[in-house]
Amino acid sequence: MTVALGTTGPCQALSALRAPGNLRVIDAPDDAGGTLLLRWELSANDVAAGAPGDSSVTGYEIQRAQSPDGPFVKVGEVPPRTGEARDAQGLRDGVGYYYRVAAVRGESQAPSAVCGPAVPTGQWFHRGRVNTLVAVLVLTGLILYFIEHARRGRPVFIRKIAGLDAVDEAVGRATEMGRKVLFIPGSQDMDNVQTLAGIAILGRVARQTAQYGATLDVPVARSMVMVACRETVKEAYLATGHPESYRDDLVHYLTDDQFGYAAAIDGIMVRERPATIFMQGLFYAEALILAETGNSVGAIQIAGTAEPSQLPFFVAACDYTLIGEELFAAGAYLSREPQQLGSLKGQDLGKAVILVLLVIGVVIQTTGLFDFAALFVVQ
Amino acid sequence: MTGRAPKHGRPGAAAVGTTVAGAAVAVAERMLRIDRRWLFAFVTVAVSLPLFFNLQQHVAVTPEARGVRDAVAQLPPGAHVLLACDYDPGSAAELQPMTVTFLKQALSQRLRVIVMGLWPQGPPQADLALEEALRDPAVAALAPRYGIDYINLGFQSGNEVVIQRLGSSIPAVFPRDYRGTPIAQFPIMAGVRDFSSIAYVFNVSAGYPGTVEWVQFAGDRFHAHVGSGTTAVSAPLYYTYYPAQLTGLLGGMKGAAEYEVAAGFTGKAMTYMFSQSLSHIVVVIFILLGNLAFLLTRSRRPQP
Amino acid sequence: MKRRVPLILTAVVGITFVVQFFIPHKPFSGLQNLLTDWVQIIFAFAIWLGALNLMKLSGESLYRRKKRWPYATITIACFVATAVVGLFFSGGSRFQDPGTPFDWIYQNMYNPLSATMFAMLAFYVASASYRAFRARNREATLLLAAGVLVMLGRVPIGDRLTGFLPEGYRLADLADWIMNVPNKAGQRAIMIGIALGIVSTSLRLMLGIERSHLGGRE
Amino acid sequence: MSVDVGIWIGAFLTLGIFSFLYRDNPVYRACEAVFVGVSAGYWFVSLFWQNVWPKLILNLRDAAGATLHGAGWDERWLYLIAGLLGVMMLLRLAPKIGWISRWPLAFIVGTTAGLYFITYLQSNAISQVHDTLVPLVTAGAGRFLFVPLPFHVDWNAVFIFLGTFTGLVYFFFSVEHKGAAGKAARTGTYFLMITFGASFGYTVMSRMSLLIGRLDFLFGQWLGLLR
C-alpha cells in the first residue's frame, strides 16, 4: 500500500494550515463600552474530531493593532471550534482598532485578513430590556393609580385573609394566659424584602400587644433587623399611647447564624412557653425546627413566608399560614389604610394583565401566528 | 390559606366500648397520644442500622441526572469545565458525592477542571473531593496534575456579583489560586478569559448564592451551559429551570446516586441509598398510621 | 431630618437602582456593584450592635446571678474567644484557610453544632408526618398523596413496588411527572405572585407609604 | 475509634444537641450557649474580613496610594461614604443622636426595594410567563384516551398552563372567592397543594440525608465502626 501526501487519508494533518475567513468586528451592544465582539468562519482545517479532514488546529489567536499595517499584538486566544470572541482588554471608547484572527497549529499560524477600524462605545439604553421597562411602567402605573384612587376615599374591596383575622384572637389569648407573644421576623437580613414584609406585620402586631398589655418578645438574627424592629415596635407603642410599656430589650439579638438562632429560640420556647408565636419573613430549614417546637409547647402559631420549600411545613404544623404573595399583602391588609389597600388592588390588576397575556400568548403560540413568547425573553 | 391542625390527641377518650370498633378507636386514641420520642427512636434505628450493611440497590436514572452526565461526556479532551462548590459541610452528605463523581468523570475524560466557590467552605470541600477522586483507578491511571489538569481557585466573596465579574474576566476575579500562587504560573489557566472559554459550568449548590444565581447570570446573561447538583429541598424549585436553562439537575442523595450510576463511578451516595430508602418508608408508614388513627377517631366523634 | 431625610433617601436610592438597570453606560454600569458593596459594609458595622446587645444581656444575667448565669458565661467566653482568635491569631484575611486556629473552631465546634441542628430536622420531619399531615380535606389529601408518591418514587424500593408495570408507568415515572407538570405549574404561580407582591411592597417602601421601620416622629 | 481531640469535641457537641430530642437539659443548654457564642463570633469575624477589610479598608488604602502618587481623584474614595454610613449606624449607641442610624437604615431599605423590584420582575415574572407560552396543540396525529385525533395535544403543557393560571387566580385579593373565580381559585389551590406535597417529599429526602451524614460521622469518623 502506498501513501500519497496531500490526498485524503490519515496523513492529511500535514496539509497547509488554512486561515479563518470572513472576520467581522463590531461594538458589543448594550454595554458600558470598552468591548468589541469578533466573529469569523472556522479554518478549513478545524473540524470535529473523527470527521473527515483534520482536526489539528490547536486554537485561534486574537491579534490587535492601532493601524491596519500593525504592529499586531496578541490579546487573547480561544480553543478550536470557536468562531467568536470578545476583546475588553484596555480598549478606549471612541478609538478605532484593527484585528486579525490567526489559526494556530503548534508553532505555525495562518492569520485572517485584517478587519477594522472598529470603535467601542457605551450605550445609554439597554435595548434588550424594553419588555422589562414596559412591565415596570404598566405595573407602577396601575399601582399608583389605585393608591390615588383609594386616597380619594373610594372604597377598595379586599377579601378576607383568615390568618390575619386571627391576629386579634391570638394576641388576646396570650394576654389571658399571661404568657408571651413571640414574634420571629425570619432569619435573614434587611437586604431581603421578605424581612421588610415581616417587619411591617410586626408593626401591626405590636399595636395589638400594646393595647392588650401582652408581653412581646422579638428575638432577631441580624443587627440591622434589630434596629429596624426596635424602631417599629417603639412607634407602635407610642402610637397606641403606651410608651411606658416599651423597652429596647423587647427586641434582642441572638446570633447571625441560622441554626444557632434556631437552637436559641428552641430554648426560649421550651423555657418560657409563649402562648402565641408569629413567624413572618424569610425562613429556610429552621422553619420546621421552630414550628415543631412551637407546636410541642401548645402555642397558637401564625406563620408566613414566600419560600416555597418551607411552606408545606408551615401549612402542616401551624394554625394559619400566609402563602407567598399573601406575606407581602399582610402589612397592607392589617394596616387598613386606604393607600395600602389601593396598592393591593393595583397589584391585582397587574396579575389580571398577566393572565390575559398568558391566554393570548398560548393561543398565538398554538396557532403559530408569530413567536409571541419572544417578547418575554429577558437579557 | 388556613386550616387548624389538630394539635393533640383528644385526651380523656370516649368510653372504651365492648365492640371491636370501640377497641379500635381506643387504640387509635392511644396512638394519637403517643410520646413523640418513640417516633424519634424509631427513626434513629431505621436510619442507623442499614449503614452497617453494604447493600447495593438498583437505581433508575432520570433524564435530569443523565443530562449532567451527557453534557460532560460529549466534551472533547482538553476542554475547560468550571466546578462551583457553593455549600458547606452541613450539606455535605447530599452534595459531596456529586462533587466527587463530577471530578471523577471530568478528570477521567481528560477535561481541565477549574474549581471555585462562592461559599467560603466550598473550596475546602472541593479539596476533600479531589483527594477522593484522585484515588479512583480510572482517574489515577491518567495521573492528573495540579495546575495542568485541575486547579482550585478558592473562595471569592460577593455572591452573584462574582459571577457577573467572571463574565468579563476570570483572571481578574481570581488573580491567585486557593494557596496564593499567581494563576499565570499554571498552564491550565492559559487562554482562560471568561465564560466563552468554559465549556460547561457545574454548580453544586446548597442555597444562596447558588444555582439560581448561576442560571440568572452565567446562563441567562453570558450564555454558559450550566448544570446543577443541589440539595433535595431546593430541587423542586430548580425544576422550573430544567431543561431550558439547566442542562441537567441532580436532586439530593438520589440524584447523586443516579449520577454515580450514569457516569459509571459507584460511590458514597449508592452506599447510603439503603438508609435513604428505609427512612422514606418509615415516614410513609408514619403518615399512614397517623391518618388511620385520625380517621378512626374522627368517625367516632359526634356530629355537631 | 429625623424622618423626612430617610424617606427621601429610600426613594432616591430605590429609584436609582431601578433606573440603572436600563442604562448600560457609565456611571450607571458600576452602580449596582458599588451600592451592594456599601450595603455589605454597613452590615459589617451593624453587627457590633448585635454583638454588644448579646454581651449586654448575657453580662446582666451573669452580674445579677440570674437563674441561667452559668450559660450566659459560656456564651460570653465562646464569643470573645472566637472573635479574638479570628481577628488576631488566624492569619488575617486568610482566616478560613485549613490549619488556622479559626478553622479548628469551625471544623470541630461550629460545624458539628450546625450540622447536628440541621440533622434534627430528620426527627421533626418524622414527627410532623405522624402528627400534623392529616387528610382533613381534599387539599390536604392532595398534598399528602403527592408527598408520598414523590417520596416512594424517588428511592429504589419504590421502583420495586411497581416493577411489574410497563416502563413509563412506574412510581418513579409518576414522581417525575408530578415534579415536571403540576409542581412546575404551582411553583410558577407562586413565583409570579411573589414577584408582584415584591413589586408592590417595594413601591410602598420607595413611596414612603410603608414606613413603620423608620420609627416615630420624636 | 478516633484519637483526634477535635473529633471527640465534635462528637460531644453532636450528642449534646441531639439530647434535646429527649428533653431540655443542662447539657443541651450548655451546647446551645456554646453555639450562640461561637456562631455570633464566627459571623462577627467573617463580616470583618470579608466586608470591612477588602471592601472598605483596602479600597481606601489603594485610593490613598493612587492619590498620593499623583493620580488625582480615585473612584474608590466613594467607599468613604459607606464607612460614614457604617459609623452612623454605630451612633445608635449614643442615646441623643441615635436617630441618625435611620439614614443608613433608609439607604439599605432603598437598595433592597430597588434591587428586588427589578430582579424579581425580570427573572420571576417575565421569564416565567415566557416559559409558560408554548403551543398546546401541534400538528400530527394524536389521541385522547384511545380516541384518535387529527392533531397532537401536549397535555402536560395544558396542565402547566391551567395550573399557573388558576394558581394565580387564588392570589387575587380584591375578588371574593365565589362563582367562577372561586372555582378557579379552588383548582389553583389543588395545584399549590401538589406543589407543596412535592416539596414535602423532597424535603424529607434532604433531611434524612443530613441525619445519615451525622450518623456516618458518629459511627464512622468517631467510633470507627463503619467500613
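Chains here go by letter, A, B, C and D, matching the order in which they are written, and residues are numbered from 1 within each.
FYI, a residue touches a chain if its C-beta (ideal position, glycine included) is under 8 Å from a C-beta of that chain, and two chains touch if they have at least 3 such contacts.
Note that the structure is a prediction, hence the values are computed from the model and not measured.
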Handout entry: Chain-chain pair with the highest tally of contacting C-beta pairs
Key = C-D
Handout entry: Chain at maximum distance from subunit B, centres defined as averaged CA atoms
Key = A
Completion exercise
The distance between the C-alpha centres of subunit A and subunit D, rounded to whole Å, is 10
Handout entry: CA centroid of subunit A to CA centroid of subunit B, Å
Key = 21
Exercise for the section: Give, as an integer number of Å, the spacing between the C-alpha centres of subunit D and subunit C. Expected result: 4
Fill in the blank from the handout: Shared-interface residues of subunit D (touching two or more other chains) are 17, 20-21, 29, 31-32, 35-36, 38-40, 42-44, 46-47, 50-51, 54, 89, 92, 102, 105, 108-109, 111-113, 115-118, 121, 123, 125, 127-129, 131-132, 161, 164-165, 168, 171, 189, 192, 195-200, 202-205, 207-208, 210-211, 213-214
Exercise for the section: Hunt down the residues of subunit C that sit against at least two other chains at once, touch-wise. Expected result: 18, 21, 30, 32, 36, 39, 42-43, 46-51, 54, 96, 106-107, 111, 113-115, 117-118, 120-125, 127, 129, 131-133, 139-140, 143-144, 147-148, 151, 154, 179-180, 183-184, 187-188, 190-194, 196, 198-199, 201-203, 205, 213-215
Exercise for the section: Could you list the positions in subunit A whose residues touch two or more of the other chains? Expected result: 129, 132, 136, 139, 191, 193, 196, 224, 227-228, 231, 254-257, 259-260, 263, 285, 295, 308-309, 312-313, 315-317, 323-326, 329, 344, 347, 351, 354, 378
Fill in the blank from the handout: As the complex stands, subunit B meets subunit C at residues 3, 5-6, 34, 36, 39-40, 42-43, 47, 57-60, 62, 88-91, 120-121, 124, 127, 155, 161, 164, 180, 235-237, 239-240, 251-252, 254, 273, 276-284, 286-287, 289-291, 294-295
Problem - Residues of subunit C defined as touching subunit B within the complex - result: 32-33, 36, 94, 96, 98, 106-107, 111, 114-115, 118, 122-123, 125-127, 129-137, 139-140, 144, 147-148, 151-152, 154-159, 172, 176, 179-180, 183-184, 187-188, 191
Fill in the blank from the handout: Counting only contacts in the complex, subunit C reaches subunit A at residues 18, 21-26, 29-30, 39, 42-43, 46-51, 53-54, 57, 113-114, 117-118, 120-121, 124-125, 127-128, 131-133, 143, 147, 187, 190, 192-194, 196-205, 207, 209-210, 212-216, 218
Problem - Touching residues (chain side subunit A, partner subunit D) in the complex - result: 129, 131-132, 135-136, 139, 156-159, 161, 190-193, 196, 224, 227-228, 231, 254-257, 259-260, 263-264, 266-267, 270-271, 308-309, 311-313, 315-316, 323-326, 329, 333, 344-345, 347-348, 351, 354-355, 357-359, 361-362, 365-366, 368, 372-373, 376-378
Fill in the blank from the handout: Per the touch rule, the subunit B residues reaching subunit D in their complex are 1, 37, 40, 43, 47-48, 51-52, 54, 90-94, 120, 157, 216, 220, 231-233, 235-236, 240, 244, 251-254, 272, 275-276, 279-280, 283
